[in-house]
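Listed below are the structures to be examined.
Next come two complexes built around chain A: one with chain B, the other with chain C.
Entry: the complex of A and B
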């Protein structure tokens, strides 16, 4: 009887600790591509802060906008100073929760089993000082203790008050394709 | 000045303009911070100032997109495509995590750097992440799982690299590498 009680306590503690886990990274990746009929360009950023809690199904990203690396120096300067105004708005953030919680949880046992899980998150995206409620479809890939968040989405610059001058409208698209890839490790705590 | 000469001068000016435009348009973006830095700081003193300043997000804006040079000790090396050095903030209880990102093309220069090594680097500041004070946003609360503040820098250049002396004493293969290696 004593053994059963001790085993029960240990199991409860193990489950409790699994639920309290937070996965995070400070070096996630985000890329974006702008495509128009006459020009295509992209930028890469390996400085994304991201976190995911299997307990609450909360997901968050924080992107230092200045860290986007372009091929062209001129484009990078225009992006930082004229479009995104990074001195005033250094970060873009997203804070959301997995929408189909029940399906995701039952499928994954709280993302403890290896596998690829299709999820939809709903949350608040803030960029260039403008907040918008958005829905992002993505994947949670669980592989041997590493949880990777991947997602592809499109945003309209005009939705976030990012003004593309008339002279640049043929070369800079209002519709920007974004892809995110963030492998997260179990947090060691603060 | 005759008409022919005027045409030649105008054509030359237009040609110089077009060439300058093409050069500027195709000039590649720098992947590492070079030249005289905008700021030369002691990392520990800088972090202390940022930590004690409750309005650090505002005062920090003077560093955004500026180059900063400092000495640091490497706490960890992370990343796949590019390399990020997590730097020791100086004092153990510092609530600031420091990330210094090197572009993928700089991989060869930083591949020898391991945790414990001392480095002198020059980076461009991207921002100081401050924890959210909102307790109604579970996502933002998640980000508070990190150190209370995160200093993000990229386009880093490795100026000086010294192997961890403790490692050198126990590693025979590193015995010849007792002198600092100056990269630039």
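Entry: the complex of A and C
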């Protein structure tokens, strides 16, 4: 019985420390821009959840697609209903792992020291119900306990089964530029 | 003594409390232990399972492509700060015959606009040339309740109040003075009123359904009769009706829908025919193009509800279209 109790305490400690390693946010920012010769528009999302575990180098994003805000209310509705079908696919996710931390910086492992780390993550991106293995180069900025994940990337709508009708091809680009900026903080407890 | 006490307490601990504590530990730590195993790299995502935006509590948008089903108003409002330019056009009835190119010679047009004052209030206006009546209409549409995805609010409920005024001037011959003069028509005889609720639901991504119980009152001016009538005895006829409209849309593709619009009159029907329309919505960017077949000539509420005279079964069918184009006037961030 004593052993069980002790095991219990040990487990508790283990769990506590494991969770202490995870940095999280619920208010990360993702922007995207579509540029064509005749039209440019952008949308902004401040409700991105993201997590990073410096111990395991795992990274995860969860993006509520309906939370993208446009400058035109109609464009926002069309984005939700006609392009992203958010009733069916409410979230986009990315789950990956840091592939290589540049050699020079690997000395200060586990992202404990302040600084900017150039990293490349590799993982699974799911959007509009389509899963793709992608590699994203980005930066991890450590500053006084806040770990900020930033990256710029572009995706092709056609890769994710997002159909742009012929009539809109001149104003909606197939190639969408995305920028990610998520400051994470140490997650206490769950 | 101390040793004995310790042994005793340990004994007590293991026998009395032990099993309970064991259970407690089991309950308290089994769950996180499971999660500890789930902490494996690929499932860090699971930590984010608790989304900040609960998808279940969102408002349901886009039950219809635009603010009109065909003739009747739909569950939609123009977004706050957005101006929607509206143009409606109806040809004459098919049974006008070959002489009038099966109705293509005849055209009635309404040009108007709608503006979103706030997220739940919209103002609309228009001018139409239906039957040379120089009709001006004005309406307010207010959303009391909006359907939510978690069905906490299972329906959307809106109210519409519309007023229209016929500005036509009629010249009549006054036998006393021996010359034609302007027929004096009181405002009440020129005015039509509509008050209705719009209750409906986006049943699925494809299908939306609405019911529109309402009341309409309007007058018909009959200048031919008036000119023969004695002075002051104006030939106007005021009629009020209760009606129950039905509107439906079924998506055919992402950007096209099939719509149905039926407005049966329940009381005081007389010779009025129920308005029935079938049509398609075609959406391209900021435009919605509505193509329809209808037996109504009217382009504002009181006219198409209470003054429809053509019958589908007598080929009294008109081809028509509505055009909608939105312009963002005020940045939507103002309303967030």
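Here is the rule we use: the second predicted complex is superposed on the first by the 164 of 190 C-alpha atoms of A that agree within 3 Å, B and C clash if a C-alpha of one lies under 4 Å from a C-alpha of the other, contacts with A are read in each partner's own complex, and residues count from 1 in each chain.
Definition applied: contacts are C-beta pairs under 8 Å (C-beta built on N, C-alpha and C of every residue); 3 or more make two chains touch, one makes a residue touch a chain.
The shown structure was predicted, so the numbers you read here are calculated from the model rather than taken from an experiment.
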{"item": "Combined model on chain A where chain B meets chain C, clash or fit", "value": "clash"}
{"item": "Residue contacts with chain A in the superposition, chain B compared against chain C", "value": "C"}
{"item": "Contacts of A:82 with chain B and chain C, given as first, second, both or neither", "value": "second"}
{"item": "Partner chain in contact with A:93 - chain B first, chain C second, else both or neither", "value": "both"}
{"item": "Which of chain B and chain C A:153 touches, first, second, both or neither", "value": "neither"}
{"item": "Partner chain in contact with A:165 - chain B first, chain C second, else both or neither", "value": "second"}
{"item": "Partner chain in contact with A:120 - chain B first, chain C second, else both or neither", "value": "neither"}
{"item": "Partner chain in contact with A:29 - chain B first, chain C second, else both or neither", "value": "first"}
{"item": "First, second, both or neither for A:178, with chain B first and chain C second", "value": "neither"}
{"item": "Steric overlap of chain C with chain B in the superposed model, located at which of 147-155, 165-173, 183-191 or 237-245", "value": "147-155"}
{"item": "Residues of chain A at both interfaces, chain B in one complex, chain C in the other", "value": "22, 24, 26-27, 47, 49, 51-53, 56, 58-60, 62, 64, 66-67, 69-74, 76, 80, 87-88, 90-91, 93, 95, 97, 187, 190"}
{"item": "Interface residues, chain B side, partner chain A - complex", "value": "24-31, 61, 64-65, 78-79, 81-82, 84, 86, 97, 99, 101, 103, 124-127, 129, 137-143, 145-148, 150, 152, 154-155"}
{"item": "Chain A-touching residues of chain C, taken from the complex the two chains share", "value": "14, 18, 21-22, 25, 28-29, 32-33, 35-36, 39-45, 47-49, 51-53, 55, 58, 61-62, 79-82, 149, 205, 254-255, 283-286, 326, 328, 331-333, 336"}
{"item": "Partner chain C, residues of chain A touching it in the complex", "value": "1-2, 4-5, 8, 11-12, 14-15, 18, 22, 24, 26-27, 47, 49-53, 56-62, 64, 66-67, 69-74, 76-78, 80-82, 85, 87-88, 90-91, 93, 95, 97, 163, 165, 167-168, 171, 187, 190"}
{"item": "Contact set on chain A toward chain B in their complex", "value": "22, 24, 26-27, 29, 46-47, 49, 51-53, 56, 58-60, 62, 64-67, 69-76, 80, 86-88, 90-91, 93-97, 123-124, 187, 189-190"}
